[in-house]
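Naming follows writing order (A, B, C and D), and every chain is counted from residue 1.
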Amino acid sequence: MTRPDMSVEIAGIKMRNPVMTASGTFGYGAEFVGYLDLESIGAMVSKGLSLKPKAGNPTPRIVETPGGMLNAIGLQNVGVDAFINQKLPYLKDVDTPVIVNLYGNTLEEYGEVAARLDGQPGVAGIEVNISCPNVMQGGIVFGTDPQAAQEVVRLVRNNTSKPMIVKLSPNVTDVVLMAKACADAGADALSLINTLTGMAIDLDKRRPVLANVTGGLSGPAIKPVALRMVWQVAKAVKLPLIGIGGIMNARDALEFILAGATAIQVGTASFLDPGAAQQIARGMEAYLAEKGIPSIASMIGALEV
Amino acid sequence: MTRPDMSVEIAGIKMRNPVMTASGTFGYGAEFVGYLDLESIGAMVSKGLSLKPKAGNPTPRIVETPGGMLNAIGLQNVGVDAFINQKLPYLKDVDTPVIVNLYGNTLEEYGEVAARLDGQPGVAGIEVNISCPNVMQGGIVFGTDPQAAQEVVRLVRNNTSKPMIVKLSPNVTDVVLMAKACADAGADALSLINTLTGMAIDLDKRRPVLANVTGGLSGPAIKPVALRMVWQVAKAVKLPLIGIGGIMNARDALEFILAGATAIQVGTASFLDPGAAQQIARGMEAYLAEKGIPSIASMIGALEV
Amino acid sequence: MQFKSMVLSNVEVSPGYFRMRMTAPQELLESSPGQFLMLKVVDAIDPLLRRPFGLFDVGTFAPEYAGCGTQCYTEILYKVVGKGTKMLSALHHGDLVDLLTPLGKGFAAGPAGEEKVLVGGGIGLAPLYYLAKDLVMKGEKVRLFAGGRNRDDILCITEFERLGVETYVSTDDGTLGERGLVTQVLEQHLGSGMRIFACGPTPMLKAVALMAQSHGVPCQVSMEAGMACGVGACLGCVLKGANHTDETPDYRCVCKDGPVFDSFELQWS
Amino acid sequence: MQFKSMVLSNVEVSPGYFRMRMTAPQELLESSPGQFLMLKVVDAIDPLLRRPFGLFDVGTFAPEYAGCGTQCYTEILYKVVGKGTKMLSALHHGDLVDLLTPLGKGFAAGPAGEEKVLVGGGIGLAPLYYLAKDLVMKGEKVRLFAGGRNRDDILCITEFERLGVETYVSTDDGTLGERGLVTQVLEQHLGSGMRIFACGPTPMLKAVALMAQSHGVPCQVSMEAGMACGVGACLGCVLKGANHTDETPDYRCVCKDGPVFDSFELQWS
């Protein structure tokens, strides 16, 4: 029996399988060495980078919710230059594409961060976070308004020759409208979903649990919403999609593929099990082998409605 | 020790405590006799009624998801006239306010259903569902567009002298905008949230699990989103609010009260435990008694941010 | 009723099939065969919903511990198919579960003196044991046709035989009883003066229902559907009634109008 | 490392406090006192996240069953405070849990010959037993100051005494040892040539840290924070470093830079 062909390509980024790690849930990669083989997965996505180092929010920053978690990390990161100097060299020796997730506190900053990454051979592509719901400035406006999103995407497009993935927010009335806007503005691929905005309350203290009051909901709880949005966008937009949201195992991942995703990202699952991404990749291949499906490509968007 | 005062009032509807049953999860009330005392709760909300009897969607109509469930019942109901003739008489003898949830397949139908209920003394108030995401016509447009919502609310306002609660959809970019629109159009109170639109896939069959493809997500999974929306609307709108979404126990319920809700509705929890609403009411009172809080009214919106 | 029940025993009776006995209040002795229970496996949100199981048996026993009179029990017979039943299979004596029961409409025994023909496919046998016990107690002549894919799917036949039920076993692969479908074996025995009570996969029930109708034999079927509430409130578990059309829809709740239906009540196409 | 571990025993040592022993690979013998583990209670999504616990003990034992050499174990001492710890307390011998360990940075023993002063508040005692064992094996003189609200919160003192540790107990209500805060008792004994290792509620750690700093005694504290990943990836568990300001922020990960910090590393205001 020949092994199923698990390889996929997103906007020119060739991946050995469709399993990527989601931004903000896999550190800068090195944290997971010893728990999985970085060369067993399709691609790694870095923590979201900004122009300057960013402190993030006060604590508490995370809280468990039913079937999920809220985070209000506040996009703490080392900044794009430190990433290039300190984190990227290690990753260059790993034979797995590195995709850099980035955001700007202002429109201009988006362009500037993209520009700094453009010359870096170790960067296989960028993922533009227009959707982070945690920060007051930045993400929130761009990700929920089609015009603002287009401005960001156009500016980044003008500052990069790398494959550009735009990451969509689920906190919108019409995700298809946002997807089309980003496609028109020059995105090479779309990833979805980022976190749903939520809140948790400490009853006895009569206070929000998170110092930031609201945070982003991730984990299995959001999977049905994510799956719905991927399916909706897949029907409406021709770009390759990356499905994200509550993927815990290979079956979850394959459901996103059927809904129309070319690849998927593993987020919260890596907290429960630092080897999750590798196990999911392995489990997907095992499923195809068992069912005699020759290639993952044949499953993309193969849902029968 | 005196018992805490649990009574609340929503737009003139006096309730012995803030616990209501959510539309579509408590049948027409009679189904739950034997599991709880209908006179132990604050109010009952009927299944959503339309002008004519409605068949609802093909099956499967429900599926469990992580920490939640999707439903695509398709608003199956006996129709407003059958409700008045067959269901209401029984409920008239129960000393608990009955609130009728209603929707229309067209704008006009909303007005017509409201008009038929207006003369009914057994109806304490109406809850206008502008937010059901299951039906192709009807709910979907009204609930996600401020202008359309206003039209519905104004029309119903002109056809009813009953207290009018408007039930908001969470599937919007800005729930505050929707809340303000409904307030301006004459709503006496707002209830939120209805279900989040989601989807489930049967991997082996390569088909959506629900015959309707998408459905409404309810249950504990959505609680953080619901809590956030109640808090946002409470800050922006003066109307009394009814908090709904993933309330499983008394602590959950009290969190919604702190966030700014005057009352709460118990939905999916009644499936797990048909006596849930009564237990939640009892548990809320016990919490206040234990903490020496004299009245539930003092907790409404008492979150310290 | 809703009550907390203690697991008394939970035994694997065949690979992947378990029989679990639980304490129950005396009122459950008033239940009818064909009714079911909804079980909450854990006091946590995973799995979230209750799981429905037919009543396999209801009865009384004398507990081992002194100072306690007879106690009522109920049993379920279940197949491990997913998360909930897997967790269920790990319970042991002393664990607590939360039950709603008796739910739904059970089998109508029908007039005395008929031949009562029970037809079970795989785990569909579960509610038929309680029914057989009831019919035998009423002095009826009972036959059981039990089918499965292979011999592991033929459950608790000795228990039926101990009641005095005449049993006919068939398996798809012939590893136990006749080779073939249970409906093929059944067809050879069909005649007048019979009443059929069937439970099993929907294709089997359809075959039995149509066969019974064509032979003029009255037939009741116990149906399955995904359920949330079990009490007729969510409208999640509906099936199409015989006269259902898209224009004049006629849906029946499996949990409240069923799970047992007269075969003429339902649409089989 | 990540591994499946079998529960060997799980005993309530004081009301609401449990001590659980689990199998572990030999490599865990290389861990340092102060390091911790992340435990997944059930293979389900409720509770979703792993729960962190300090290593209470690590060692070897000879299993009862024949044909098996010595086996490594680890122990945790935990207080039932919520859902996860409640489920944990229901586990028994033979149940499996999933562990990530050893995580984080443990205690630095410091130069030989000092007096090693351990300060534990309530469940904060947990990582100090492994530390005491280690220090005693190195031939150090070890004192333990253990405080709690009442005598039920004073845990496993006999175990420390058996190691030869001199113990000082205090409770808020005087039901065991001196009446008062552990810090009051500690203050009377503070002097030069000592090194403090403290674990407990943050207000206690703050008092100990400031007291130690004013007496010029080196002090390490083991901190807590809500955690998701345990490996430094989520940035959920940060504390403010000593020089943190809103303009020049300096956050430290409890899971990776800690849980043990030198008292000077952190901001206590």
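The rule we apply is simple: contacts are C-beta pairs under 8 Å (C-beta built on N, C-alpha and C of every residue); 3 or more make two chains touch, one makes a residue touch a chain.
Worth saying up front: this structure is predicted, and the values here are computed from it rather than measured.
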item	value
Neighbouring chains shared between chain B and chain D, ordered by label	A, C
Pair of chains joined by the greatest number of C-beta pairs in contact	A-B
Farthest chain relative to chain A (centres taken as mean CA coordinates)	C
Distance from chain C to chain B - Cα centre to Cα centre, in angstrom	36
Averaged-CA centre spacing for the pair chain D and chain C, given as whole angstrom	53
Junction residues of chain C, two or more chains touched	45-46
Multi-partner residues of chain A (at least 2 other chains)	66-68, 219-220, 248
Touch-based graph of the chains, sorted into line, ring, star, complete or other	complete
Residues of chain C defined as touching chain A within the complex	45-46
Residues of chain A defined as touching chain C within the complex	66-67
Interface residues, chain C side, partner chain D - complex	42, 44-46, 83, 87
Contact footprint of chain C on chain B as seen in their complex	24-27, 31-32, 34-35, 47, 55-56, 59-64, 66-69, 71, 73, 76, 219-220, 248, 268, 270-275
Chain A residues within the chain B interface of the complex	65-68, 70, 144, 171-174, 196-201, 203, 206-208, 213-215, 217, 219-225, 227-228, 231, 246, 248, 251, 254-255, 258-259, 302-305
